[in-house]
Amino acid sequence: MINVGIVGGTGYTGVELLRLLSQHPQVRLKAITSRKEAGLPVADMYPSLRGHVDLAFVTPDDAGLAQCDVVFFATPHGVAMAQARELLAAGVKVIDLAADFRLKDVVEFERWYGMPHSCPDLLAEAVYGLPELNREAIKAARLIGNPGCYPTSVQLGYAPLLKAGLIEPTGLIANCASGVSGAGRKAEVHTLMAEASDNFKAYGVKGHRHGPEINQQLRTIAGDEQVHALFVPHLLPLIRGIHSTLYARLNSAGQAADLQATFEAFYQGERFVDVLPAGSAPETRSVRASNTVRIAVHKPLPDTVMVLVVEDNLTKGASGQAVQCMNLMCGLEEHLGLTQVPVLP
Amino acid sequence: MINVGIVGGTGYTGVELLRLLSQHPQVRLKAITSRKEAGLPVADMYPSLRGHVDLAFVTPDDAGLAQCDVVFFATPHGVAMAQARELLAAGVKVIDLAADFRLKDVVEFERWYGMPHSCPDLLAEAVYGLPELNREAIKAARLIGNPGCYPTSVQLGYAPLLKAGLIEPTGLIANCASGVSGAGRKAEVHTLMAEASDNFKAYGVKGHRHGPEINQQLRTIAGDEQVHALFVPHLLPLIRGIHSTLYARLNSAGQAADLQATFEAFYQGERFVDVLPAGSAPETRSVRASNTVRIAVHKPLPDTVMVLVVEDNLTKGASGQAVQCMNLMCGLEEHLGLTQVPVLP
Amino acid sequence: MINVGIVGGTGYTGVELLRLLSQHPQVRLKAITSRKEAGLPVADMYPSLRGHVDLAFVTPDDAGLAQCDVVFFATPHGVAMAQARELLAAGVKVIDLAADFRLKDVVEFERWYGMPHSCPDLLAEAVYGLPELNREAIKAARLIGNPGCYPTSVQLGYAPLLKAGLIEPTGLIANCASGVSGAGRKAEVHTLMAEASDNFKAYGVKGHRHGPEINQQLRTIAGDEQVHALFVPHLLPLIRGIHSTLYARLNSAGQAADLQATFEAFYQGERFVDVLPAGSAPETRSVRASNTVRIAVHKPLPDTVMVLVVEDNLTKGASGQAVQCMNLMCGLEEHLGLTQVPVLP
Amino acid sequence: MINVGIVGGTGYTGVELLRLLSQHPQVRLKAITSRKEAGLPVADMYPSLRGHVDLAFVTPDDAGLAQCDVVFFATPHGVAMAQARELLAAGVKVIDLAADFRLKDVVEFERWYGMPHSCPDLLAEAVYGLPELNREAIKAARLIGNPGCYPTSVQLGYAPLLKAGLIEPTGLIANCASGVSGAGRKAEVHTLMAEASDNFKAYGVKGHRHGPEINQQLRTIAGDEQVHALFVPHLLPLIRGIHSTLYARLNSAGQAADLQATFEAFYQGERFVDVLPAGSAPETRSVRASNTVRIAVHKPLPDTVMVLVVEDNLTKGASGQAVQCMNLMCGLEEHLGLTQVPVLP
């Protein structure tokens, strides 16, 4: 059994971790921290967990995190980097669901997240936790930067094309849309139901933090510093789900290729990536509350590829992916605790 | 032309007042105050008003409210009572959309709203602004306590029965449900879209502020201090709309009465109350964004009456009703500025 | 392993059965029938099941249902009664999710469902499948009438009061609200999204089929033919979830009783019924996609009890309950395949 | 006063026409036809119109359409072309909200709409009813093909760029999303609330009827047969609203141009097109239930322009635009009956 601690269990990635880990056959939940809610039974905040999670929130000092095998940070940006070093020194594996260990370039990090990075050396060591593209490194890692929700879907959509060298490196457009749970459980006017439901809009139009993460990773995947995607997020009037509509221009190899076969071969054997039959349009609900990503590839024009990707932003886009990384880091079967069938309707 | 000022124009009753008043043929909007947003064009906060409202928010001191004919308070509880006396002294008519002038009993006010009442004399003078039940007093008033959203629908549903003496005075049950705009435009976790959409629950189960208002008014309507309704509100996953399912036991007169005819006669000639044909079930969308209330009366058991009432909580339940009062107070036709057809679908 | 067949797997109770049974550790899915979709892989209709259900729909004749241990009917009313006898004769246990075996009175059945009942003898044998109230009979049954969605929540809410004799037998009011999945996957205008979302209304105001089922069962629970509840359903703008707000008048024993203790004792040890702490208001989302019912009991007036109940209408209100019955009938642990944590947010 | 008839008033464009025309100061509604609902008061189908529309549906034969000044066809494709000739001969102006008179190429029409075109000569005469781009022709027209909902927003977004020659003619991408009312009031499974709410997907991925309309019109606007846009529609979980995210590559002139100024100048004086300040992201709710389109132009990369456009698909995207055309054809002020302030929240 793996002993697990969660730092910051009051937000949506926290409660999603609890949903998944409480059903994981090899996990023992040891501690869930919240300074603000210390003493409160977790199930009092989230009645959905009554009968499944018996712990109360504790302060970080009382959590015994150093005795855990794995600690997840489901915290605001900046928390994990302040605490990771000590845990790592104690032999604990660390998975950060925030952005502290995603961007390899400290200057970029500081520009987009508005704070200095306190441990660049750990940043250099940290492994980007996208198993389908980085599995062996994750197995060997002791510190994971868990990918952003949008970047997960964008990378999984472009990777087969970039790896096979089928598209022009520039002019990529990632037109994405996310449910409101991506904004977290913060009291803010713009995500009130009276504001965000019955509405749709683009946002982050002057630049969004997931843009540099997407481009860093697409360049790594392609091995080509020229690669550039324009990332445009939109806010959907639903709770869970990301839909990415990805465009790129096919180069001559791409125009000649069998794109459907390329995708199917690339994700052959991947349990959490489902390449749909040719002609499909994936729906966000088809992955609701599951760790699965579904992908459809189209060639609407002779020189243009369009890839459609759906994921649940809280599961494969956050907490499910983190559990998948944990499984790999701990030598468990990759799918343990992640076998839920999507909830439909 | 009526010169109008609005104190506190940033919330949902404020923007609804602006929607209605900017279309009113006899109103000139003079000032909209917000200490916090002073200087900001109103249409920058609410792009829906671009091209319709050209004013910027001003501080109360710069608003020239004393030169207005009518001032609306679309403010938190406690603001109107602090400012009303001075405006009234200047000859301004005042309509408060908050609760400062609804509850006649100061002790009750202080218990439910958690603040002392600073002007009990004005409370005594204030007129309860429900035109269908109180029209002549409103015409003569200089200070209006605009009814709460739930109380409007509950009173209009029970009034024909109480006035005709057809129901037992106790055991009334008002099972009501409201859209989330009723909670206002405050940054709070429980009304985030990720919390309140795809969800339904009762709330205020230990007592809700609209309970004493409802009972005060039902007693006044009936002329019977014994009358008591149990009020149970629920939170709907939609933005606008209140649905009240009202139950009462019919007395012997009620069991013998033609309830449909009673309701039709009671609301004969009322432009904003629509009694539906026998057997109907009104939908909240049938009054969306309009000042109309629709009512259906049923007799599901020989000794039981059930009344179904729908209203738009921001229009007839708040700002539309306030405009209706203004029209009456200023000698205008009651429906001016309130002729919008409900938006469906 | 239990061999299971499903008749009529294309509707919402069918896909929910598939979601649950595909995760059940002791079930082997043998056949899913649909005359209309025969030959179509189930996962082509429901992409959420890709990777979880590999069967294709077959015609009833090709399904080998007589070789199954258990057959579920997730069909329109009238189908199960035409096919049950033959399956029972072959030693198959039958669970009908429609209404064919719920109402014990054939005349009532024919009045509300508009068709003759073809096997009254089986009706007499059939067991009403609400395990918390009828567990031993279910264990011994070979034919189950699975309860309606509303009746499940209403019975579980009133049962502790009726069994303990704490309420007056008449004047019960069951004010209920359901998500739209309760209407099934039929192409009809009134459940289109453009009609049913952003809307709320009562329906079935002249009488709803679940009314007689509720009253039959409440009388059975109480052992009192006088018991009568007025059932008023409403349509919620969400997909899954039923919320019941139940009212009754307390008799003198009830007025003296500790209602919270009564409920906690009554449901002591029940895995799928969660009595919330005093003062709570359960939310539909707290049981989303799970087999759990949550209940809160209130005494808003000295002579009045109010019980709030939430369930997922497709799980505990239909397919989950059917699986729970199957477990009991087959000597399995009651909770197998039903341990999903509710999905929140 | 203009005498107006509506053929096919039971769908969403029909009820939206009724909402707008019943508030139009210069319109007298003479007849609303429906073969299926003949005799039914319109307000019985749409209670939102109670008190606003007193007509009952009539059969086309009883409608006296030839005595109207203007007849709107809010019918399925193929109806208007069968009836237009006779009405035109009687001197009636005809506005078709379906697609019969949009596509100038009969072969294209027959390919996308699956029916022969019965009056190619009228097609040649028909004027495309997008006032901002075609005002003078509309004034002189007697037969209008009212634009599709998506094409309206796509054209208004690209027009300033195409007219000024600022973008490359190919590689345009129109990534659009519409609320479900765009699918009409037809009983179909895929637009049930239990299917379409809490969901998002692309659709029409093999080609959508609005694609050829968009490209026909963009070529006309640009005067360049090379122009090509890839049109990708998505289905939003809301009722009203279209959001178009438009991409194009700037040519050298475009890279040097002040795009904001270009748009502001192009739409100078247009009452129904609102160019937002630089840096904005328009929301669908900011135009809800109004005839306004809001547009923001961005230059996210030196060689790329992105235009964001919102409209209400039933108003400016259908019925509102049709009324705007009627006003022009009849010599009325263009905005009559279209001055509603958007409904927010």
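Order as written gives the chain letters A, B, C and D; numbering starts at 1 within each chain.
Note that a contact is a pair of C-beta atoms (placed from the backbone, for glycine too) under 8 Å apart; a residue touches a chain by one contact, two chains touch by 3 or more.
Because the structure is predicted, anything quoted here is derived from the model rather than measured.
The pairing of chain B with chain C is characterised as same-residue: of all residue numbers used at this interface, over half are used by both copies.
Averaging Cα atoms per chain gives one point for each, and the point farthest from that of chain D is the centre of C. Among the pairs B-D and A-D, the greater number of C-beta contacts is found at A-D.
Work out the mean CA point of chain A and of chain B, and you get 45 Å between them. Averaged Cα coordinates give chain A a centre that lies 39 Å from the centre of chain D.
Per-chain Cα centroids separate chain B from chain D by 36 Å.
In chain A, the residues that reach two or more other chains under the touch definition are 12, 181, 185, 194-195, 197-198, 237-239, 282-283, 285, 288, 345.
Against chain A, in their complex, chain C makes its touches with residues 12, 15, 19, 22-23, 46-52, 181, 185, 198, 239-240, 271, 274, 276, 280, 282-283, 285-290, 292, 294, 314, 339-345.
Within the complex, the chain C residues that touch chain B are 171, 173, 175, 177, 194-195, 197-203, 205-206, 228, 230, 232, 234, 236-239, 241, 243, 245, 247, 249, 279-285, 288, 296, 298, 300-301, 304, 306, 308, 310, 345. Contact residues of chain D toward chain C in the complex are 12, 179-181, 183, 185-189, 191-198, 237-239.
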